[in-house]
Each structure stands twice: as C-alpha cells, then as structure tokens.
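First subunit A sits with subunit B, and in the next complex the same chain sits with subunit C.
Let's turn to the complex of A and B:
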C-alpha cells in the first residue's frame, strides 16, 4: 500500500512536468494509433475480401478489358458457382476532388456474391427495375447527401460523355469494416450506351468476379480458368480477391512503409522524452533512494519505485491517448470523405497503442531504475535532492 | 535509573578505510579498534575530513571497511552479503541524518511507518507503534503534516521517531543538530538523551558541536583517521 502511495505521490510531485510528459504520451499514442489506422485502411479491401471470390483480369494489365463471351466459358469451369462482370467507371462527380469509386456491375449476379452489402428489399427491387438506377453506400450517401430518388450526374473519363443515374438504393455494410463508400450501376446500361457511342468498346469487361463453391480449390480453379484463355488475344490472370486487392496495396507500398516507419518514430521520440523525464526524476531523488536503502529497503524496491512511476505515467498517457483516438479517427474519417472507404480503429491497433505505451514506460525506467538501485548509500546521502 | 553498561554492543577491530579521489587513494581511517558498550551514548568528534562520518557509516552498515571487522551484538557486519545487511539495518539500526532525509511526499505518520512496512506487523500494530513513537517525540498532533509543513526541529523529531519505531539496538546520528537553531537543537539532543537514559538505546552521534557532545557520556576524538594520541584518556564521562 505504502509502495503504491509512494508511486502515486511521486508521480504527482512535479505536476507540470508529469502533465507535459502525459500530454506528450497522449499525442504520441494518438498519432501512432491514427497512423496505424491509416495503414489498416490501406489494407481494408484485402481484409474484406472473401475466400470464395476470385477475380479474373487481363493478364497484361488491369487497364485492358476482356471480351464478354469469356463469361460463359468461365461459368462452365467445374467448381465455379457464379460469375459477375464489373468495370471501373472512373467518372467525375461535380469536381475531380470529389472522388468515389464507381463500378458498372452485373447487378443480379454481383450482389449475390457480396452478401456484406445489405439492401432494403424494396429499394433493391427498384434498382434492379431501373436500367439507369444506381446504388450508393451509406458512407458515400452521407458524404455527399445522396438520397433515394436523387439524380446523380457523372462526367465520364474512361467512358466519355455525360452520364445520369438515379439513386434507387442505399446499401449498408454488414460490419463496420465493410466498404460503404462505393457506387454501383448496371453493367448493361454502360454496355448499351457504349454500343451507341463507341461501338468498338462494347461487350468489353474490366474484371470478372467469380464465386467458387470450395475456397480450398481456389488455386486449382484459377489455373483452370486461365488455361481456358491461354494463347488467346486476351489472356487472363485469375487470383483470389485478397491477392487482387493486395496488388493495389503493393503499388503504393512505399507510402505504407513510410507511414509505418513514421508511426514507430513517433513512439521512439516519446520514449526519449519519457526516458529523460525519468532520468531527471531519479537523479533528483538519489538521496531519497539512498535513505530508503539505508532503512533496509532492497535495491529492487527502489528500482520498482522508478519503474512503477514510469508505468503509471505511461498508463495514463496510453489510456487517454487510446480514448482520444476514437473521436479523432471519426473526425478524420469525416474530413477525408471517401478517400479511406473504411477507417476503423481496430482492436489490434488499440492493443498496439497500449503495448507501445507500456513498452515506453518500461524502457524509460530501465536506466534510471538501475541507477537508483545501484546507488551507493553513502554517495546517495551526499547527493543534493 | 541505573546507567551501568552491562556488555559490549559494538566491537571495532583494526578497521581501515580509504577512498579513491582523482586517481589517488586517500586513507580515511587507519586500523581503528575500540568498543561501544550496550546502552552507551558515544559522541564522535573531530575536524572536517577526520573520518568520523565514515566511521559512523561503517558502524551503521551502509559502507564497508577495506580491512578489519565490526561486530555488532556479535554479528560481523563487514562480511554480511548486501541483502542480509539491508535486513540487518532494518531491524538493528535507526538513522538520524543531518538533513532529516524524510520522504517529502509522505506525512509525518507515513514517514515513521515506512521502516515498519519491512516488518511482519499488521496494519493496526504498525499504527499503534507509529502513534507511540510520535507521542514520544511530542508530535502526535502533527501526524498528518507533510515535512514541508514542519519546522526543522520538528522534522528532526519525526526522523528520530522513524529511527526508534523499529526498536533498534543502535541509533546512529550524523550531525543531528547541524541544521537546527539552538532551541531546536536542544530539544533534539534532549530527546536523544531521553532515548538513551529512559529506553537504554545505544547511540553513536557524530557532531562538531561541543555543546551537543556534552549530552554524550563518552566522546572519541578522531583526527586524520586515527583516534588521537591518548584517546582513551580523552574518553570521558560528562555526567
């Protein structure tokens, strides 16, 4: 009891110093958490991938399409349960800065494969009935104020011309980490329009999303699919949805690595600050530690006092930092709009934040604690407190 | 009350101590040998640098000699391992320092209780012991005060209460009045004398102050690390 009392009162002895150290810890833990969440957001697509979904694309590059008739061949491969078509649309809503992903999809098939997108049945039926209908995710709808019945105009870039859609449904995510920042509309509408405007670009598919019956056979089925189109004009590359998503992450891997490094640098900086605080603290109290040892307290007790104080400060900073992360992340997510489709502070991030605070608390106390424990009593008693 | 010394508490045998300063070895104590009787109140005097604080540290087991032996109640404390020595100090020695050395974040009560937390006493027993010690030093009404809320004399009395609360065989005091005004010094010395006379505590006190030394009933003079020529003759009773 006396031990905990000493730790608590020592920690509050220099309120300004302790307060500033805690503030530094809060900022570091918060920054670390936010940066880790940004990294997590980068991987959100891969993390949300389902093991029973494969993606088939043109083997040369994603920018090259594949003929529509591949769909029937893919469907005929044993183990394939369902095939959907999807094209990246890349239109501009009002301003290029107002970016959000838009896909033309084979709606009836596609949404059967993505049960994590939840619709109100009535809205879904209305969407399927309307050839120019569109569905938007809840986050996207909230970002730009889209409501069912609204007209949604887009200016085409990949598919030229002005396009107009009617929002028929707003989908919800089955989980908090489900991406609800996307817009979908009918692939048939895109294809028919292209037939009129640029006929040579009709019946071209960006990717086929393939649902398979047994995820354990994904490698085998991928090979079988690609074998169908070997030596054709558009050879294919089939991979799991997760691998497909990770391919996008790999394109920006340097940024992700940079963010990761910065997040750990932040922790290292606060470690140096905290270690300095604890070193000053231990130096100032050498005569007290010597007195305790003279009274019969073991060196370990003295070291534990330093460690306990360091851990107490780190724990407060860590907990407040974690507590601040959630509202700040929510604010950050709002400010960045649909840049990060999923911006969720994960349990793993929270654990890492607390772990980092704990590690800082321990590491910062190592040398000062050792010094306090090893101080010769006669030298410590001579020290000026 | 009889002050007859019944047996030897401390036996110092051929104790030498030197320090290394700036690459040079400075001998502080040279082969000292003397006894301190149980219930004695010994004053150690001498000029600055004579080695009296060093000798006190050795007697209290917070420093070790280079040579020689120090037996306290039959235990050679110079050969005890550090952990055993810490246990020995906790049970056998009470410390009174020149600058009190109280924990500033603990109240007077908690400071006095501190050494008792190393004992198996229950919380209730500890409280009783602390209350008794504070009553003895006349600070029962200051139990909840922090050191910064007490005068120098009061802080030293708290330190004395802390020194005696474990009922040690030996109390060592290093310039206990060195930081006090005359009146506070007189109160502290009177308290130490009371502990010696009334409770039979063996006290070894380092002091520069001849007035303080008069409260001891034996004095040893140290000069250049040696008990000065005819030291035994200088040992004198002041009562």
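Let's turn to the complex of A and C:
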C-alpha cells in the first residue's frame, strides 16, 4: 500500500511533465491502433470470404474475360451447387475521386451465394423486376445519399458510354465487418447493352463465382473445374474466394508493409519521449534514492519504484489511448466514406495497443531504474539535480 | 542589447547527453517518416514524368482510365495516324498478365505491351541493358529492368508462357527508372493474335511541332467518327499515378503531423526540465544584465539546436532509403509498378522547415517561462 502511494505521489510530483507524457502516449497508442486498423481493413475482403465460394477467372489475368457458355460446363462439374456471373464495371460516378466498386451480377444466383447481404424482401423483389435496377450497400448509400428510387448515372470506362440505373434496394450487412460499400446491377442488362454497342464484347464474363456443397473438397473441385478448359481459348484459374482476395492484398504488399513499419515507428518515438521523462526524473531524484537506501531499503525496492511509476504513466496513457481509438475510428470511417469498406477496431489491435504501452513503460524504466538501484549512497547524497 | 552566446545553448545540450539523445532521437524518427514519404512520392512522380515524352501524344478510348481499359478500333487508329501533325505513330496493344514473383512466389499483374519498331523509336529513353531487341513478327520478347529483377522466368534465354504460347526472352531493357521498366515488350501483331484482340489499345503519335497539340486535339475531339481522348503522353502518365501519389502523400503527411505532436511533447518536456533545472542560472544571467529577450532567444536556440540534430539524424537515415526500390500495384493501371525513394533539394529544405517548426513549437512555452522569471525569485531558487 505504502509502495503504491509512493508511486502515485511521485508520478504526480511534476504534473505538467506527467501530463505531457501521458498526452504523448495517448497520441501514440491512438495512431498505432488506427494504423493497425488500416492494415486490417486491407484484409477485409479476405476475412469476409466464405469457404464454400470459389472464384474462377481467366488464367492470363483478371482483365481477360471468359465466354458465357463456360457457365453450363462449370455447373456440370460434380460438387458444384451454384454458379453466378460477375463483371467488374469500373464506372465513374460524377468524378473519378468518388470511387466505389460496381459489379454486374446475375442477381438470382449471386445473392443466394452471399447470404451476408441482407435485403428487405419487398425491395429485393422490386430490384429483380427492374431490368435497369441496382442495389447499393448501406455504407455506400450513406456516403452519397442514395435512396431507393434515385437515378444513379455512371460513365463507363471498361464498358464505354453513359449508363443509368435506378436504385431499387439497399442491402445491410449481416455483420459489422460485411462490406456494404458496393453496388450491384443486372448482368443481363450489361450484356444486352454491349450486344447493341460492341457486339464482339457481349457474352463475356469477368469471373464466375462458384458455390460448392462441401468446402473440404474445394481444392479437388477447383482442379476438376480448370481441367475442363485446359488448352482452350480461355484457360481458367479457380481458387477459393479467400485466396482470390489475398491475391489483391499481395499486389499492394509494399504499401501494407510500409504502414506496418510506420505503425511501429510511432511506438519508438513515444518510447524515446517516455524514456527521457523517466531518465530526467531519476536523475533529479538521485539524492532521494540514496536517502532511501541509507534508510535500509534494498536496491530492488528503489528500482521497483522507478518501474512502478513508469508503468503507471504508461498504463494511464495506454488505457486512454485505447478508449479514444473507438470514437476516432468511427469518425475516420465516416470521413473516408467507401475508401475502406470495413473499418473495425479488432480485439487483437486493442491487445497490441495495450501491449505496446506496457512495453514502452517497462523499456523506459530499464536504464533509469538500474541507475537508481546502483547509485552509491555517498554519490547520491552529493548529487545535485 | 547583449545576446547570450550560442555556445551556452549548445553546451547545455552536451551536458545532458542521454536526454538530448532521446529527444533528438524522437524528432529524428518523425523527420525520417516525413522525408521518406516525400521521397517516395517524388520517386513515383519522377518515374511517371520520365515515362512520357513531351512531344508524344497518347490517344485512348474516351473515358478509359488506363491503357488496359482502352480500345481503339483499327479504322479509328488509321484515322489518327493520318493526321497532318503526326510524323510518326505507333499502334499498340496493352494487356496485363498474372506472373509469379521470383522470391516470394506471389502473383502480380505485369503490363505487356505489343508494339512495332516505330513504337520503340518513340521512346528514346529506352536502352538495351542485355541481349538484343525482339525481332518483328516473332514470338520474342524483351523485359524491363525491374521485371527481370523481380519476376520468375524473365532472364535472357528463358521462356515465359502466356496467351497460350511460349515467348522467348531475348533482351532486358533499361528505361531510365520510368514506368516502362515494369513492362514486357513484344511484337504487336503476335500479341494481338495470342490475346485474340481485334482492336488496338492505344495509339502513340509524335508531333512534328509540340505546339500543334491543341489544334490536333480540337480536330480529333470534334470528329464524329472518333470516340477518343487525346492527351499529352506526360500528362497521361501523371494522371496514371495520381491516385497512388495522393494516397502516399495524404497518408504520409497526416502521419508526420500526428507523430510530430509526440516529438514536440518530448522537446517540451526536455526544455521545461532544462528551465526548471537552471532557474538560478537564469537569475544570475538576468542579474548580469541580460534582458528577458536574450533569455528567450537562448532557450529557443537550444530547442532549435535539438531539432537541427534530429533533422540531421532523420534525414541521414532517410537518404539511405534511396537504395531501396518499392514495387507495388498502381491502382489506376492495375499493373505492377516499381519506383524508388528520391531525395530532392526541396525535400531537404522541407524537412528542415518541418524540424524547425517542431523545435520551435516544443521550445517556445518553456522559453517564455524562462524569460518571465523575476530576477529575485530566480536567484532565491538556488
């Protein structure tokens, strides 16, 4: 008890210094948490992948399509439950900066495979009835103020020309981490329009999403599926949805690594600040430590005093920092709109934040604590701040 | 008015070595992040600017965001080629192929460009680094320097399989750090055949007189037979990197500013301690006749010297980053792009100003406190 009281008194002796150190810690823990969350957002697509979904694409690369008749062949492969078509549309809404993902999908099949997208039954029926209808996710709708019945014009980049859709439904995510920043419309509408505009580009599918009955057989079914199209004009590459999504992450690996590195740099910055605070504190109090030792306290007790003070400051800074992370992350998420479809502070991030704060608290006390424990009583009593 | 010698401030830093090192170290890390981000952005911009030639014009399909998305039908391409301002033109096909990286084995998109000898002539910055150029109408390819370093099967003499054919690598070219270093080049007709393409992707045209660009653009824009966008090549490539460059600079600068708050707090703690520890000294200086302003200047100078130390350390480490090459997917083109950190004189000055601002912000309040001490109280504090 006496020990804890001593630590508290010591920590509050220089209120300004302690306050500034805690503030620095809060900022560091907060930015560390946000950066880790940004890295997590990068993996959102992979984390949302379902084990029973495979993605089949052209083996050359994603920019090459596959003929529509592949659909029937894929459906005939044993173990395949359902096949959906999807094309990345890549249209521009008003300004290229207002980017959000748009997919042309055969809605009847596609949404059966994605139960995490929740619809109001009535709206879904209205969407299925309207050839030029579209659905948008809740987050996307909130970012640009889309409401059911609104017209949504897009300028085609991959599929030339001006396109116009009517928002018929807004889908919700089954979980907080479900991506609700996307737009979907009817694949048939895209195909029919292309038939008129550029006939040779009709009946071409970007990717097939394949649902399988038994996730354990995904590797075997992928191989059987690709074997169907070996040595054909468009060879295919089938992988699990997770592997497909991780492929995107791998392409921007350098950026992810960069953000990770920087998130640890901030921990070192605050370590320098915190270590400095503790070093100054210990230097100023050398004569006190010497007095304590002269009174018979063991060197370990003196070192524990320094460590305890350091840990107390770090713990306060860490806890406040973690507490601030949630509201700031929520604000950041609304500000960046659809840039990060999912921006959730994970439990692992919170644990890492607290771990970093504690590590800083311990590391900062190492040298000063050692110095306090080793000081010779005579030297300590002679020392002046 | 007499000023306190600078040596007083500097020697004070020297006396408290651990504190000085820790505070300057914190600042150095912030300067490092700040400078590294600017260097990365500068490297990216330089790669993109050196890709485009000032007198080349890029013709793509209207609203296409990249060469890969673009498609120019043969009659349209012929029409562009026949314009009076055009002295040389290259009709090209650009696709992406998924290839495995050498070290990690991960798959990334590589830009493959099909072009003619005329197209090579339009890029004077491209030089052969090894082997020879591909022969027209053959399935030979040459690869850019960054591709040869990073991707499997891209050495001279090796074969690469894509588009249901084997392609023989006959040379490696050096495009002077431009985006072409991250491309694979081969014969345009062979490429179009293997990728079953009927239309070209883009037309690159050289103008006899770069000043004729506006007239050409006006004519092509108003031609009802054409649905194309006409841009200077340099502008086109700058736009290609706009999204990536914006992401790097916005994220990086936001981080630098937030991190700098931490470093400023560090400087503030150090300077407050310096003032508190030297109260009697300050009283003595005042008693000797030094004005409040001189005290203020001396403590500010101490904070700025601390910042200068942090700047030198941070920038020193950041300059080593020039040896590092970054390779990532460019969001606009969806293809792999390699570039490096580039230290420019402007970044040296910007980071100096940034460090000085940190030092000033951290030092001004403690310095004011030092300057406000009354002589009697300060002397009594001893």
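What we mean here is this: the second predicted complex is superposed on the first by the 384 of 385 C-alpha atoms of A that agree within 3 Å, B and C clash if a C-alpha of one lies under 4 Å from a C-alpha of the other, contacts with A are read in each partner's own complex, and residues count from 1 in each chain.
The working rule: contacts are C-beta pairs under 8 Å (C-beta built on N, C-alpha and C of every residue); 3 or more make two chains touch, one makes a residue touch a chain.
These numbers were taken from a predicted model, which means no experiment stands behind them.
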item	value
Touched partner set for A:288, first subunit B, second subunit C, both or neither	first
First, second, both or neither for A:250, with subunit B first and subunit C second	second
Dominant toucher of subunit A (residue count), subunit B or subunit C	C
Touching partner for A:298 - first (subunit B), second (subunit C), both, neither	first
Partner chain in contact with A:5 - subunit B first, subunit C second, else both or neither	first
Subunit B versus subunit C as contact partner of A:76, first or second or both or neither	neither
Partner chain in contact with A:219 - subunit B first, subunit C second, else both or neither	neither
First (subunit B), second (subunit C), both or neither touched by A:176	neither
Which of subunit B and subunit C A:120 touches, first, second, both or neither	neither
Residues of subunit B defined as touching subunit A within the complex	57, 60, 62-63, 82-83, 86-91, 95, 97, 101, 103-106, 110, 113-115, 117-118, 162
Subunit C contact footprint on subunit A (complex, rising order)	16-17, 20-21, 23-24, 27-28, 31, 35, 59-64, 90, 92, 96, 155-158, 160, 200, 231, 233, 235, 237, 247, 250-255, 258-259, 262, 265-266, 268-270, 272-273, 275-277, 279-280, 284, 367, 385
Residue ranges of subunit C in contact with subunit A within the complex	18-19, 22-23, 25-26, 29-30, 32-33, 61-65, 68-69, 95-98, 104, 106-109, 162-164, 195-196, 198, 227, 247, 251, 255, 258-259, 261-263, 265-266, 268-270, 272-273, 277, 326-329, 334, 336
Interface residues, subunit A side, partner subunit B - complex	2-3, 5-6, 9-10, 13, 287-288, 291-299, 376-378, 381
